[in-house]
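Chain lettering (A, B, C, D, E and F) follows the sequence in which the chains are written, and residue indices restart at 1 in each chain.
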């Protein structure tokens, strides 16, 4: 506790993910006073063909 | 906002997913007055071997 | 299956929610061929003070 | 209802998953009086490289 | 790890919830060999007016 | 995208939440190169009586 779930587009590098979980954990420590070992972060890679904004999947070509 | 997450069995075609996110987005526009660009839909494919109803995974043969 | 979770700002009327779940369910029927009785929709009211975009909670006054 | 989502490390055998959903479903029946057919369990395999505790992904070598 | 989230109708007694989390945790121990202290269970009370099946909120009178 | 959901114990102050979403958003900007306006953070307050670790709700007195 806290437990954080991140939905993000797939394709991030291991280095990016490593920095992301480090930064989010630090934010919990700084803002909430959490002990780092109590912070869980779960990353969920989402394909562009599985995420829509405005009714359009992000795998579809943008309308202009 | 709103943000919608859909757990569905894997195996849907891109066309089905495209229609699904369009329909869900339209439902938010019609019912809530949301602006389409504020509606996010995330699809989460679930294997039949990862979804159980009544204690039986959907990958198991049905009892008769 | 499918199971849909909707995060939305609190304050919607019962009528709006009723129309929303009806529309989302119909979208699943139309796009996926789901039987209506297999479609579950769970609504999750979120306070403006619990939802942030761009690092600002929606309860905070907009910067201009 | 209830609907249960389980985030677990990937790599469990089909037999383990089968026993897990059976046990969780039985817990709902015993504790809540749920009918088994109303209990849905969705398993979500998470890679060790997508789960962090204490700011360290579980794919990283442990500090000693 | 594992982390379990349970969406259930509101109105359960503390005793029912206590038994539920105990049973789910034991299921993880038995099926996965998890250490109990690594099992997190989060309960999410859902109002009948926020859960729909077949397009009808569970707060609505059943059609006959 | 990304969209972040945080389950945390209820009782945090508005100031703590404000700092938390700011820090998490900054972590996404720094690690992923996200535009701040594309980062959504949803906070979910959880009662101690709805969160269990090791099969014990956090509202129960600790065993010694």
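Quick note on the criterion: a residue touches a chain if its C-beta (ideal position, glycine included) is under 8 Å from a C-beta of that chain, and two chains touch if they have at least 3 such contacts.
Because the structure is predicted, anything quoted here is derived from the model rather than measured.
A.B. asks: Return the chains common to the contact lists of chain C and chain D.
C.D. replies: Common neighbours, chain C/chain D: B, E.
A.B. asks: Taking the mean of the CA coordinates per chain, how far is chain E from chain F in Å?
C.D. replies: Taking the average C-alpha coordinate of chain E and of chain F, the gap between them is 20 Å.
A.B. asks: Quick one: report the Å distance separating chain D from chain E, using the average Cα coordinate of each chain.
C.D. replies: 13
A.B. asks: Could you list which residues of chain B touch at least two other chains?
C.D. replies: 1, 3, 7, 17, 22, 26, 40, 42, 46, 51, 53
A.B. asks: What kind of graph do the touching chains make: line, ring, star, complete, other?
C.D. replies: other
A.B. asks: Pairs of chains that touch, anyone?
C.D. replies: Listed by label, chains in contact pair as A-B, A-D, A-E, A-F, B-C, B-D, B-F, C-D, C-E, C-F, D-E, E-F.
A.B. asks: What residues of chain A sit close enough to touch chain E in their complex?
C.D. replies: 1, 3, 40, 42
A.B. asks: Spell out the part of chain D that touches chain E in their complex, as residue ranges.
C.D. replies: Against chain E, chain D makes touches at 1-9, 12, 16-17, 19-20, 22-24, 26-28, 30-32, 46, 51, 53, 58.
A.B. asks: Would you tell me which residues of chain C are touching chain E in their complex?
C.D. replies: 14, 17-18, 21-22, 25-26, 36-37, 39-45
A.B. asks: Which stretch or stretches of chain C touch chain F in the complex?
C.D. replies: 7, 46, 49-57, 59-60
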